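For reference, the structures are reproduced in the following blocks.
Shared between the two complexes below is chain A, which has chain B as its partner in the first and chain C in the second.
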Partner chain A sequence: MLLVTACMVLPPGAAAAQATRAAGAVAARTVAIPAGAYRPLYGADTARVRVPAFRLDRRAVTRGEFLDFVRADSAWRRGRVRPVFAEAGYLAGWPGPLDAGGPADLLRPVTAVSWFAARAYCASRGERLPTTDEWEYAAQASETVRDASRDRAFRDRLIALYAAPAGERTRPGRGFRNVFGVEGMHGGPWEWTEDFNSVLVSADSREAGGTSRHTDFRAVCAYAAIGASDPTDYPAFLRYAVRAALDARTTIDRDGFRCAAHA
Partner chain B sequence: MHPAERTTPIVRTLLAAAAGLAVIGCSPTPSATGAAPLAARVPPAVSGEEVATLTAPPLVPPPITRTHPTKVIVNLEVIEKKMRLADGVEYMMWTFGGTVPGSFIRVREGDQVELHLKNAAGNTMPHNIDLHAATGPGGGAKATLTIPGGESVVTFAALNPGLFIYHCATSPVPMHMANGMYGLILVEPKDGLPKVDKEYYVVQSEFYTKGKYGDPGLAVLDMDKGMDERPTYVVFDGSVGALTGAGALKASVGERVRLYVGNAGPNLTSSFHVIGEVFDNVYGEGGSTIAEHNVQTTLIPAGGSAIVEFVTEKPGDYVLVDHAIFRAFNKGALGMLTVTGPDNPQVMNPVKAGLTPAGK
Partner chain C sequence: MRDLIALARACVGAAAAACVLVTAACDRGEDGRHAAPGSAAVSGARTYSVYDLESVWRDQRGAARTLGSLRGRPQVLSLIYTNCTSICPFTVAAIQLVEQQVGDQAGYVLVSLDPERDSPQRLAAYAAEHRLSSRWTLLSGPEGSVRELAALVGVKYRRVAEGEIDHSAVLLVLDANGRMVARFDQPDAVDRAAAEVRRLAPSTTHTP
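On to the complex of A and B.
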């Protein structure tokens, strides 16, 4: 939409230059994730799921970026947002509705955003939240290999990263840059996904969505390990448990997000 | 554009589904008539309300003097924090109430318990609670999944008297338990337990860490060791030495001592023994009646408990052990009960030390 507006008010040459710059900015901000397959923790069976190519933000969305968003769209400012879209803790760490803190704070991942708000932010960029499949697929990469999910040492690192106190997890630059070029998927805050609540890991971990990835309430009663493709993948269990504990209004100060786009 | 218009129909469906999720239980759907089978117990009517006194180990809340069931409010907060595991060794413990094991809960048979589970705002993980004393899906776990900064509330009837483990059951449950999320809840029988002079709270549990026993610094969880059931530490009340030195349990000669002993596991069965004592009474597996007298060592299953009672006849140090003795000697499963008071040589008397060769 921005580019269309620009075309109307700028001479053709300048518009082209700006479009090129904008495309360049998107390229710098996001990373191309090639198509591939991965094995979800909970699946209809243990078959690998094919994930088409997509683009994913290099880093989690920052407070500074989110500040620009709420400046532009008052409906998502703290104090203005409708309670049905966010709990009272929405952006609670900010000094004011249009004040996200000092220069260092602006570089931190934004947290205490509801799923609705995260989604609206990505939509404002013409993008979307990644699906759980996309997120998990990109997140199984280590610095050197695309699929480190079976690597015990990699799993241990993730558990150690997850165990850090919440304050540490919202420091900029936590975690590592994986082989795709995506940063901080494990060291930073938990991250919203588009379909975070469609994999029904029960609130009781020993029960799980055993037979269906989507809204199969009958499956909520099996032992967690039964429904899991790999019961030794503890980091994945932790991530799925977090997602299961959230609802779309939840705002906690260790939950942020990044956006995705089609390739 | 108004935010509402940005939500897709799928989202609205998911929201509706999420709203429905809360009421869909784990067990097979109750019969359409809604009538409970005749054999089902109906919790008694309660009168009054009180807030449970909770204690940190090794202390136990005072006996209940009430003679009627009441509503008991239990406020439990999950706190993740670095704590001492052994001298020079720390561990990021996940706790119920800031201690490992968690706060001791004491209620009476027939009480209606209203449990408030808070998950401290600074925590990183969602948590919940499964109380083995609670009857119903997940022992309360389904109803209590709580995000950091959140609070959940579940009520349950304390139908069965006994001593019960409670623990976190959030995925992955072995990790939550390996990190310290367990404790004991005592449901006193209607008529109470016989009066004793001292009561203590002891839980045996294992820690699985990278490296060796005693390696200094911040120890981290070793899942492989957990899966292989090879603990680095086996401890009483959450750390090596928690019940020795200044932490030793205390009693006087002639006192009747009752130990509420839990075994949180996560893997091992405990062969619980107190060196130099014989248990006069054992409430086997934490049930409400005395199952056996004159017991040397009692088995406590993972996720189970025992109540043991004995009278202290002679002053001195009595050592609590898991009599799978390498665990005591090399992994930390040692505690101490120090008994003071007048000597009682008829019970035991050292006559001659054999520290020099005979005839010298």
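On to the complex of A and C.
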């Protein structure tokens, strides 16, 4: 795709060189996640879901990267963004619409971005947000194994990482690099996914994971836990609860994102 | 730290709602939440128009439509899919009951959650099966546009086994400019949705 586009405007040699450079940059910024399967916290009959291979950003998108984006596209600057696309708290921590802070701030994960803004950023790179399945699948890896989701010690570490205040969670390099090479999925901010609104956990969590056939059970207060594939996976409960509380315009200071692409 | 673990445990036991509120809702932006009493809240719903979304859809007649083309009168809207045999027929029936009460004072919109299968032809057939009047607009659009609209108005959905789609069954009432003035969960929505429409269009003649 990239190569084809470049060929239209550049002589063949230059196009090839540019495509190679661009491919190199993408390879450095992203990692390949091999195909596999995982068991979502809420899914059809708690079945394992197959996740095809994809590419995922090594790190969450930083303030510096997002600053470049709003410099290039004024429609996404604070004060210019249309109200339909973001709440009033959009990029609220920035000193100015084109000022994301000092050199250290530019390395922090960007937060207080709406889902619309996160999506637009990834689209500007020719990429997209990861799906919830892709994100959760990549995030169940520890430093050494691809699926550490059943490991109690791993879960306890995640809870400890989540428990920090927003300022701490947006410190660069927080968390760990997992076996896929992806960094900070648990130590950094919460992260948007393309289908963050795909799990039916209502405000009182009585609809979780159910189809409409289970209507009677929704009256039971603990149904959120009953519907879960693993009621002891506390870190997953937290992530799903956060996603359930968001809507597409929400801007909170501990929610950022990273982009994904097809393999 | 200890509090968070306790919170997570409470979540597992019974109070997942507390989890949601504590971990995210308290971080919410300052434009707050507005909604009619008893309906589910969507943040800042009155500060923007759903019609600001620029997506392009096809209606049941095959015509290209923006959401903005619904401007001009209140709309009662829901997201459904035509192969849905569980909750969707009730949703459509509920909107028809609203129509019986307020008639021309509103338009009625069904947006498909299943654009792959719900072609304009399929939507037209569905409209005929359910005897939907000419006041109804049935829309099908690209997957990304469906996700965008659903995410904006607080409708959750996911594909599950055998072509079914789990989704929130809600009625939305939009004013003439596309601002979401109410969002009702089933099944007590009919009278309240009708009341919202009447409030928005008090001077219009009622033609059921």
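Everything that follows uses one rule, which is that the second predicted complex is superposed on the first by the 234 of 263 C-alpha atoms of A that agree within 3 Å, B and C clash if a C-alpha of one lies under 4 Å from a C-alpha of the other, contacts with A are read in each partner's own complex, and residues count from 1 in each chain.
Criterion: a residue touches a chain if its C-beta (ideal position, glycine included) is under 8 Å from a C-beta of that chain, and two chains touch if they have at least 3 such contacts.
Bear in mind the structure is a predicted one, so any value in this text is a computation, not a measurement.
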item	value
First (chain B), second (chain C), both or neither touched by A:Pro103	neither
Touched partner set for A:Leu246, first chain B, second chain C, both or neither	both
Which superposed partner A:Pro165 touches (first chain B, second chain C, both, neither)	first
Contacts of A:Ala75 with chain B and chain C, given as first, second, both or neither	first
Touching partner for A:Arg152 - first (chain B), second (chain C), both, neither	first
First (chain B), second (chain C), both or neither touched by A:Phe237	both
Touching partner for A:Arg254 - first (chain B), second (chain C), both, neither	both
Partner chain in contact with A:Pro83 - chain B first, chain C second, else both or neither	second
Contact residues of chain A, present in both the chain B and the chain C interface	82, 84-85, 89, 116, 159-160, 162-163, 166, 197-198, 200-205, 207-208, 221, 224, 232, 234, 237-238, 241-242, 244-248, 250, 252-254
Chain B residues within the chain A interface of the complex	2-4, 6-7, 11, 14-15, 17-18, 21, 24, 26-27, 80, 92, 121-126, 128, 130, 137-138, 141-150, 169-173, 175-176, 210, 220-224, 227
Residues on chain A engaged by chain C in the complex (per definition of touch)	43-45, 47, 82-85, 87-90, 92, 115-116, 159-160, 162-163, 166, 190, 194-205, 207-208, 210-213, 221-222, 224-225, 231-232, 234-235, 237-238, 241-242, 244-255
Sites on chain C touched by chain A in the complex	1, 3-5, 8-9, 11-17, 19-21, 23-25, 27-31, 40-44, 47-50, 52-53, 86-87, 147-148, 150-152, 154-158, 160-161, 164, 166-169, 185
Chain A to chain B touching residues, read off their complex	75-76, 81-82, 84-85, 89, 116, 119-120, 123, 152, 155-156, 159-160, 162-167, 169, 197-198, 200-208, 215, 217, 220-221, 224, 232, 234, 237-238, 240-242, 244-248, 250, 252-254
